[in-house]
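Encoded as structure tokens, the structure appears first; notes follow it.
Letters A, B, C and D mark the chains in the order given here, with residues in each chain numbered from 1 onward.
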Amino acid sequence: MEDVQSRLDGRGVALDEVGVTGLRYPIVVLDRARGQQHTVAQIAMSVNLPHQFKGTHMSRFLEVLNEHRGEVTMNTLPAILQSVQDRLQAESARIEVAFPYFLEREAPVTAARALMGYSCAFVGRRYGGRNDFMLRVETPITTLCPCSKAISDYGAHNQRGYVTIDIKGQTDEKGEHRLIWIEELIEIAERSASAPVYPLLKRPDERHVTMQAFDNPVFVEDVVRNVAIELQAETRISWFRIHARNDESIHNHSVFAQLEGSPSTEEQRPTVDVSATAAAIR
Amino acid sequence: MEDVQSRLDGRGVALDEVGVTGLRYPIVVLDRARGQQHTVAQIAMSVNLPHQFKGTHMSRFLEVLNEHRGEVTMNTLPAILQSVQDRLQAESARIEVAFPYFLEREAPVTAARALMGYSCAFVGRRYGGRNDFMLRVETPITTLCPCSKAISDYGAHNQRGYVTIDIKGQTDEKGEHRLIWIEELIEIAERSASAPVYPLLKRPDERHVTMQAFDNPVFVEDVVRNVAIELQAETRISWFRIHARNDESIHNHSVFAQLEGSPSTEEQRPTVDVSATAAAIR
Amino acid sequence: MEDVQSRLDGRGVALDEVGVTGLRYPIVVLDRARGQQHTVAQIAMSVNLPHQFKGTHMSRFLEVLNEHRGEVTMNTLPAILQSVQDRLQAESARIEVAFPYFLEREAPVTAARALMGYSCAFVGRRYGGRNDFMLRVETPITTLCPCSKAISDYGAHNQRGYVTIDIKGQTDEKGEHRLIWIEELIEIAERSASAPVYPLLKRPDERHVTMQAFDNPVFVEDVVRNVAIELQAETRISWFRIHARNDESIHNHSVFAQLEGSPSTEEQRPTVDVSATAAAIR
Amino acid sequence: MEDVQSRLDGRGVALDEVGVTGLRYPIVVLDRARGQQHTVAQIAMSVNLPHQFKGTHMSRFLEVLNEHRGEVTMNTLPAILQSVQDRLQAESARIEVAFPYFLEREAPVTAARALMGYSCAFVGRRYGGRNDFMLRVETPITTLCPCSKAISDYGAHNQRGYVTIDIKGQTDEKGEHRLIWIEELIEIAERSASAPVYPLLKRPDERHVTMQAFDNPVFVEDVVRNVAIELQAETRISWFRIHARNDESIHNHSVFAQLEGSPSTEEQRPTVDVSATAAAIR
């Protein structure tokens, strides 16, 4: 049976990425408190394609994923990427794994407990023998408007917001990552807000977070700066991007602030990030 | 060229609905202030299919839509539905038209003006010679929690919420609808909230809405009841469903309340509405 | 601390549903092959609210969910609903649980195995002592157009489609459900299509499904009728709704067919289903 | 009334972007055939924020948008960006405008006409006195699998796919853009596919496109390469990114290929594009 994908291609156009996307798959990730956690991921996997080959063999991505089934962590990603690289004879391999991560949260006064989900993602890339790893954690927060509080005789508008922190860790020759825990990034995001968001609050807890938020008003700009100051001092990472968004309670649109930087440098160049456009279009 | 759709079918199964969906189309709707308004709709059109026919002719939905192009209003829907009925020789025809509707809103103190979009939908149905018409309007609002205000020494959590009002109007023999304006339903929804949501607010306006919300705390239950009292007294409608949702600022989930009823009767039976599931699944 | 929700309300408006929605939660469901399966759900829970009470106690939904944590199956739903009813002193309680369900599928020729996810949902309702249960299963399929095949000299357009089957089972006094397995509904949906959809296909498998689809052309109308004939003969259910959608490969919109009915009766009345509108609006 | 945003900030953290997002707004864009076209956009606007200021004045974005209301084209963007820059005293300003663009398409045999919508976006950026402009056009296409055709005795699986072309044009001192029309990018995308996708096809047209697709099988890799060859020869642009995705009819996931490059150079470096993750998470 002919292998059409292996036909030679004469157009002389090498491709950056060829792969599968929109793949829903159950995975197991590391959990600081419980060792591991079952969740469900949206996965994309790709490799580069040299100019001389007509196509790649898409089914092999599924085969590799199936062999490593269950285990998709910062420690197993390098092995998965290497399997993809070998199986598809590629110079570069890339995987994105987006998933909800659940933590049991305790209410601040009554200590009532329930699970809350956080949208997270791993983006791993292997180029030659080098591994590159990005972790994304989105943390919901409460933000209370400093301007509204300052100019009003009483009250202050507040709303649900989301802080998305992307970080890249350092990797050694063996591709081992010494990474920040998802839990740590959630804590940094919550410390930067007016108050955390909880899955379950009884009245004494609601009273507590209401006053906590009123006592700690922050603009979306403040949230990003508060996170930035902590990440700029963080030696375990090589790069970060911080995005905060408030779903304004007085408007039907949102406001946002964003910063890309690294611990080693203060440089903060404006970036054209098309991801928002992409999300808006899709 | 054979007309496969017209083949006879022996399975004896008549279908409730057969049609097109997910169709994006530019339309013109009635605008109380400006006469008419250009917007973009998501459209679904369908007919019933008698058991003896294998299939319907889907391209005809597009032909009808194209002939009536531009004009999709509560006044033209009956003609569109009749065209569909005739062209596809169907007993029943149905059309759903979901679209953003824009109003110029004035800030409460500075009178600064800007446009705000409201998600609306028409659902028209024709069965034999009878027309049935539903209007849906979703209005964003601000809600301030009465419990949070009552139990806290200062402040109160508030958030963006959405009130969705579905109504059915009365139709006469000629299929003419004497309907409530979209603008009227938006006003009812905003009167039922802690404060309206605006596209553009300067500081004096922000101060105003902050204190207005603090002075008018409402639960999601209150919002639905406030709307219900106005609709129960409304003689131009025959049926209503009210759904209010708060995107809680202290939680990462939402709370909602719902009521289905009619002006002529007080009966409020619990309904199993699978639309939320449908939305969740998709 | 005052219990504002328990204040008396004088508006005389009872509410059909009051509750939480958009709640993401990890659950365990029954798995015919493996006993049970970990997945992640989107959950909505609600109760009715008598006219004399101002509000319900939303945090109790989370408490109930947390107590039954993990176990959300057709067998545990009645207990969850009764807990909600008791805890919130409600006459009716309702829960929606939408989740991806994973099955290991075997390629038709090479028997290569990988997991595939199916969007499913439970909708349970308890009114007084009576339980009502709905199961929803969405199965992706391949459909090849009979018209395109008949009128073309070679080839035929085909595309990915989705069959959504909703069923209600019979419940006895103890609220026990004798239900069809998710796996059974997937098999019915796939038998009704031109060919099943697989997570992993090698070339001999791709050859097989290509010819299988070409040998079994079906319109979206055929898919619904094929499913209907099987469900009309199914004694374990009391009601069904079948919705099939083709994401047309020659158009940028979709076509659909829908039928609501029951084994005991042939009656197929046209229904006004606003769920598509709801999905379009959101 | 205090201007809290203008307070000095001592954290020494300058922000890349601060602004509004998720703003729905009716706009008018240029239309090659009809001069101009009304549509509805999703808009994001932002500026940089120097380290010494606490916040930006978000309401001014709405004021600028309102002043330029209606006219959002590649010709007016520089003026809008300059207004934003001036009004907010910023060094850099950015705007994203994502919108459906409608074209009347003619069926290939019967010449039946109907409108089809294409998802497009403008991304404009002004840094100091320099303007940067990106155009994004997503074109739905039909792709027929070369492998499936080659290995099967008859038939071949085909599906709906999407080609997304991003390009950057050259700008002169006055910020004038000499840009490719949206219509031109759609034509390039359709020439690169097995067959175009149409809004309305009668049977003779369906026969035509069925055989056209069978005669022109392409992998997703072929689509990107076909587009790349045309864009590499295009002198009006300075940069491009091509992304093609097939919503596989034999799988429940998609396959994609991507290439970033420019006419002036052959370099095609692998890029880590997080937009897919972003979309997956949201």
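The working rule: a contact is a pair of C-beta atoms (placed from the backbone, for glycine too) under 8 Å apart; a residue touches a chain by one contact, two chains touch by 3 or more.
None of the values given here were measured: they were computed from a predicted structure.
With contact taken as defined at the outset, chain B and chain C are each touched by A, D. Of all chains, the one whose Cα centroid sits at the greatest distance from that of chain D is C. Centre to centre, using the average C-alpha position, chain A and chain D are separated by 24 Å.
Averaged C-alpha coordinates put the centre of chain B at 30 Å from the centre of chain D.
As a whole-number value, the distance joining the C-alpha centres of chain C and chain D reads 35 Å.
Residues of chain C found to touch two or more other chains are 1, 24, 117, 147, 151, 199, 201, 203, 207, 252-253.
Remark: chain D residues 116-117, 140, 142, 144-145, 147-148, 151-160, 195, 197-199, 201, 203, 206-207, 209-211, 213-214, 247-253 touch chain C in the complex.
Contacts from chain C toward chain A in the complex involve residues 1, 3, 24-26, 37-40, 59, 62-63, 65-66, 69, 100, 102, 112-115, 117, 199-204, 207. Chain B makes touch with chain C in their complex at residues 1-2, 4-5, 9, 11, 13-24, 42, 44, 46, 48-49, 54-56, 58, 92, 94, 96, 98, 119, 121, 123, 125, 127, 132, 134, 136, 138, 146-147, 150-151, 164, 166, 219-222, 224-226, 228-229, 245, 252-260, 268-282.
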